[in-house]
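Two complexes, one shared chain (chain A), two partners (chain B, chain C).
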Partner chain A sequence: MTEDDADEPGRPDGGRAVVDEGGEVDEPSVGPDDAERAAADPDERGENTVAGATDEATVSTDEAAGPTAVRVRSSRLRSTNHWVGFAALVFGAAGLGALVRSRPLMLAAVVGVGYLAYANTTEAPEPELAVERRLSTEEPESGDTVEVTVVVENVGEAVLPDLRVVEQVPEALAVTDGPARAVTALRPGARMTFSYSVLARRGDYRFEGLTVIARNTSGSRERELDVETEPAAVTCLAPIDATATVPLRGLTSPYTGRVATDSSGEGTEFASLREYQHGDPLSRIDWNTYARDRTLTTMEFREERMATVVVVLDLRAEAYVQAGEDGPHAVDRGIDAARRVFNSLLDTGDRVGIAAFATEPVWLAPGAGPTHRARARELLSTHPALSPTPPEGRVYVRYTLRRLAQRLDDDAQVVFVSPMPDETSAVIARSLHVRGHAVTVVSPDPTLRDTPGHRLAAVDRSNRLNDLRGSDVRVVDWAGDERLAEALERARRRWSG
Partner chain B sequence: MSRSVTATLGVVLGVVGIAALAAPGITTPLPTGDAFVILVGLVLILGAVAQVQRRRHTELDYAETPDAELSVELPTPGDDLDRRLGRLRLTRFNEAERHRIRERIGDVAAATIRRRERVSAEAARQALEEGSWTTDPFAAAFFTGRVPEAPTTDRVRELLDRESPFKRRAVRAVDAVERLLVTDDPEGDDD
Partner chain C sequence: MSGTEITRRPGRHSLVVSGIAGATATAMALVGGGGAAAVAGLGTLALLAGVRRANHRAVDAGGLIAFLGVALSALSEAPAGAVLLGTAAAVVAWDAGTNAVSLGRQLGAEADTVRAENLHAMAGAVVGLVTAVFGLVVFQIGPTRQPVTTLFVLLIAGTLLVVALNR
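After this line comes the complex of A and B, so read on.
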């Protein structure tokens, strides 16, 4: 049967599995600890034979708990139709045998009957597995490779003659090395190990599921299971560095992060004179008036205080666009920009907050200080709404706008980070603007100019940004091949020019 | 139910067959005439054909293993229009689809004309309908619906082109719209 060939381990779409850690491990994807383990306990060998793999024992010196039993989330049993039509051979041989009165042909039919009995009398086994997942690191830097090693043990009574295990890799993570799956046969008590690598990216990810397919020996029946394993988590925080390079002067206000108010008090800009009151500092006494008419007057200055800036992210599904297939997508770039802008503003003494148009509420009230900075870093790295994959729910733009309007101080400025993919994003920027907030749009450019459709979309977006500029919204158009600092600098020249 | 009946029948016949090895006499009451045997043979051959047909109409139903290794792919703005332009051959007689494509390109074109010429939206629409917004006769014809005011050789060349005139003109219209921004708009360059 040709289908049988495809069932061998090492088939093109299947992974190669190492069954049972131990001696001659010739599998490149196996972690180094397997070999160590084998060297450490050469005598702890049991017996085991699986699918032509090494005949080594289940050896484990893991100090850790080792594989833990899995919980079956859903199970589905079905016929594979693998043997359907095989009876044609039986009927054909018997029929021909009867017509030409040939005994050998009749006997051949009996052989076929035997095969059919073999195919249809066994049921797919119900796998009872224990799984352990090891990660080379749990807190990688963005861009690091994380090696994931999965150990699967058959803890049931039944032999699993054909077992396929596919890892449920978190959607946003790309596998860079090795298939995240394996095919093998497992006797009771036997283990297999496979490993693969993923590229870490900003976010919080959990590995907690496996898809398991178990077939009977003949391949006529199979059971597909979705199992839940002990979770393993990878947390990849955004880097702390790289803030000083963002020239924000002029981005939010001409006062380098400070806004003047109408109330009098401390400051540098003269506002008014009033009668001296006991306790006024000497430095604020107007000595000229004193010299002229010997009365003590106190100078009042225009009070200045920190600017309040809220960085608003566009996390609607529409914002999840990407120029081509490579490189970070618009939302990732936007979140990166938000982080830099946030830190720069914090450095210049502003109070900064974070909000987002997302399927779930994202709100970090404006604040300052190292704790605030750490909280923002945590939020920008791991908040579920800031996931690198598009949200599934709907984003209620009007509601979010209303909510945001309630939360924003009257004089708060807004940095709206969005690729500006559609008219709604322009509406958001404009609504915030007409409510009296100074709005700056920081827009990672997700457009390409290679095909007619892409070119038209690029022109469309360029028109949209131009319209916004026309209505006094500041726009930073951040091209894909450009550093954020350059884009900001270019925008600043335009504003001051 | 029928499965167990046939299984029982099969087992009974098997037992009779084995018994016949020891005592050949017990098969004498069974019909063994030539006609009967040929009939049985033909029925079996028919059964074989039926099985072959069954195989041909049955898909293998293995569990699909999920594509765990691929991370999500996101669209590039404008993919949708490209897809629709690519499908034009299939939607040749779908006038509504052509109308939608013309609208989509027309909207962007009008906005661009408005931006470039600093005119009202109505004036931009009018320029589109008159074809006065571009020097490319084929791009202009995409919105006017008239025969392009181009030399005969160019028009013949368009007819011989592999692509439909609609698609060709749509692409030329997009190019012309893009040129509006690139030519002499300093803001456009700066974007």
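After this line comes the complex of A and C, so read on.
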């Protein structure tokens, strides 16, 4: 056997070897001192990093913790059926040996009996574990990788000859590097460490469970545990500076056409001249005309009004569609679009709110200002209804629609973000439109055109969008390989032309 | 969304462990003649293929055939030592193989299973060697030459006892 391979860390899979740290229990206690000194003398940081070179960041996040005991949520004992039938083989060998009077064969059966005893006389151990989970960062940016290090310590009395640990990674997070599972044997007091990386996505995630399978030495019995560990949370907020990449005119000029009203009055953009009427403010009298003709005229400007816009997200299970195997699905892209639209509208001085067709109510009343922006960022990042995985429950479209109509101001415009997967989404857009709200549909295109079925779905969707355009709803069809800004610009050109 | 997918089968190391044990069984069968060795070798290959494809049945069948090869060598008057070692090796190959398949199914090929697999295989090998040596010693230096049927009855009794103990 290649036993020397067992503990060698320099493995091709990037050093994710399971290391039995039984002899180095005092290793983490080096960490706190190190971090403390580093914090005290920032100048001497260079020295300290030699000692704690591997993960200074992880040590400083939760240094004092160490593995903490876990709570067993459920435990199941079962036979693995690993040695089933082996007894029959032993009988067979012994019988054959007796028949042909072959002593070696009888002795082989003796070996078989030895194995039977080995298999049947022990029970799966009951593991008592302490677990520590370290995250390289708790507040990553979207798209960052977060390295998760799991330390499992055997705090019981019994040796665990075959301990398999499977991390319960939050469903929406993709493991990018290293398996989130490990197996090893643990003496009492020994530890094992394994680490893996996940790709951070917008949202709030908790790591709080492990599935543990403990077998006896022969592997005939196993005990499967679902244990609850000290929770570790990752909060990934959507980027804040996304506005810069969206040319604001793209989206807002259609609105200014609508928003800068035809009624004249106060404003900045010149509209017309009219005869002076008693009570007009002096500042609006056109003194040039007065100097020329000695008649008093008053300048009129186009009145500009602040628009109220509500970004409505389509978060029904039907909207969780994806082009191909990889890449973000339509809801993810939609939420991204909603964030950009929200920020750019807020920057142009409009009042913006958020609503959604989701299993739970999502409502952020239109508002403005930095607090409002922060609140929206929080909502778009961590609201449970905006999770990257499809919802379990039903979305009551009619009810939500009625509720939304009550909440919307009469002059509020709606930006409906939906991949337009079915007729219901078109009905939503249309019913908001007939209630007198100007509706713009921003639709991330989730369709492919590689198979006849896909092509049919794509044509179906594009017909739906055309129908909407026909009923005076503005539609931004946002293709998968396109930036939102481009899609908006393309749509704007069509609207004005 | 997909990151790294789990490959639900054993890693490469599992093949090494089972392969070494299977080769040992084949070598021991060779003492009893080329035919026995061929059967044992065939069994080993079937077993390895089963491990590779995470197929429990193929591993079981391969282990059985490998043992049959060893049994054949016993019938062609191979020395007891070789037969015992071959038996233990065949059992270890099969045991390591099924263990690897279960590890592969539960943890995937990407997980590091080397240490666990080595420990499991070594525990199995130690059990086999100890019983083999024990059996051999008792048989060689035992007080009388008992008829084989007596031993047969004793074996059956032992097997039943062990199985019954577990119920």
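Everything below uses one rule, namely that the second predicted complex is superposed on the first by the 361 of 497 C-alpha atoms of A that agree within 3 Å, B and C clash if a C-alpha of one lies under 4 Å from a C-alpha of the other, contacts with A are read in each partner's own complex, and residues count from 1 in each chain.
The criterion applied here is as follows: a residue touches a chain if its C-beta (ideal position, glycine included) is under 8 Å from a C-beta of that chain, and two chains touch if they have at least 3 such contacts.
Given the structure is predicted, the values throughout are model-derived calculations rather than measurements.
Undergrad: For A:V166, select first, second, both or neither according to whether it touches chain B, chain C, the two together, or no partner.
TA: A:V166 contacts both chain B and chain C.
Undergrad: With both complexes superposed on chain A, which partner does A:N463 reach: first (chain B), second (chain C), both or neither?
TA: In the superposition, A:N463 contacts chain B only.
Undergrad: Quick check on the superposed pair: does A:G480 touch chain B, chain C, both, or neither? Answer first, second, both or neither.
TA: neither
Undergrad: May I ask you to decide whether A:G367 touches chain B, chain C, both, or neither, giving the answer as first, second, both or neither?
TA: Once the two structures are laid over each other on A, A:G367 reaches no partner at all.
Undergrad: Per the contact definition in the header, classify A:M106: touching chain B only (first), chain C only (second), both, or neither.
TA: Second partner only.
Undergrad: Between chain B (first) and chain C (second), which, if any, makes contact with A:G114: first, second, both or neither?
TA: Only chain C is touched by A:G114; chain B is not.
Undergrad: Would you check which partner chain A:T447 touches, where first means chain B only, second means chain C only, and both and neither mean what they say?
TA: A:T447 contacts chain B only, not chain C.
Undergrad: Looking at the overlay, does A:G189 come into contact with chain B only (first), chain C only (second), both, or neither?
TA: neither
Undergrad: Once chain A of both complexes is superposed, is A:F91 in touch with chain B (first), chain C (second), both, or neither?
TA: Touch partners of A:F91: chain B and chain C.
Undergrad: Could you tell me which stretches of chain A are touched by chain B in one complex and by chain C in the other?
TA: Touching chain B in the first complex and chain C in the second, residues 3, 13, 80, 82, 85, 87, 89-91, 94-98, 101, 164, 166, 172, 174-175, 179, 181, 213, 325, 329, 388 of chain A appear in both lists.
Undergrad: Where on chain B is chain A touching in the complex?
TA: Spelled out, the residues of chain B in touch with chain A are 37-38, 40-52, 54-56, 58-63, 65-66, 68-85, 104-105, 108, 111-112, 115, 170-171, 174-175, 177-178, 181, 187-188, 190-191.
Undergrad: Please name which positions on chain C make contact with chain A in the complex.
TA: Of all residues in chain C, those touching chain A are 1-4, 6, 13, 16-17, 20, 60, 64, 67, 70-71, 74-75, 78-80, 83-84, 86-88, 91, 95, 98-99, 102-103, 106-108, 110-116, 118-124, 127-128, 130-132, 134-136, 139, 148-149, 151-152, 155-156, 158-159, 162-163, 165-166.
Undergrad: Chain C touches which residues of chain A in the complex?
TA: Result: residues 1-3, 5-7, 11, 13, 16-18, 20, 80, 82, 85, 87, 89-91, 93-98, 100-118, 120-121, 161-162, 164, 166, 172, 174-179, 181-185, 194, 198-199, 201, 213, 217-219, 325-326, 328-329, 388 of chain A touch chain C.
Undergrad: Which chain A residues qualify as touching chain B in the complex?
TA: It comes out as residues 3, 13, 76, 78-82, 84-92, 94-99, 101, 164, 166-169, 171-175, 179-181, 196, 211, 213, 222, 224, 320-325, 329, 388-390, 419, 421, 446-449, 451-463, 465-467, 469, 477, 490, 494.
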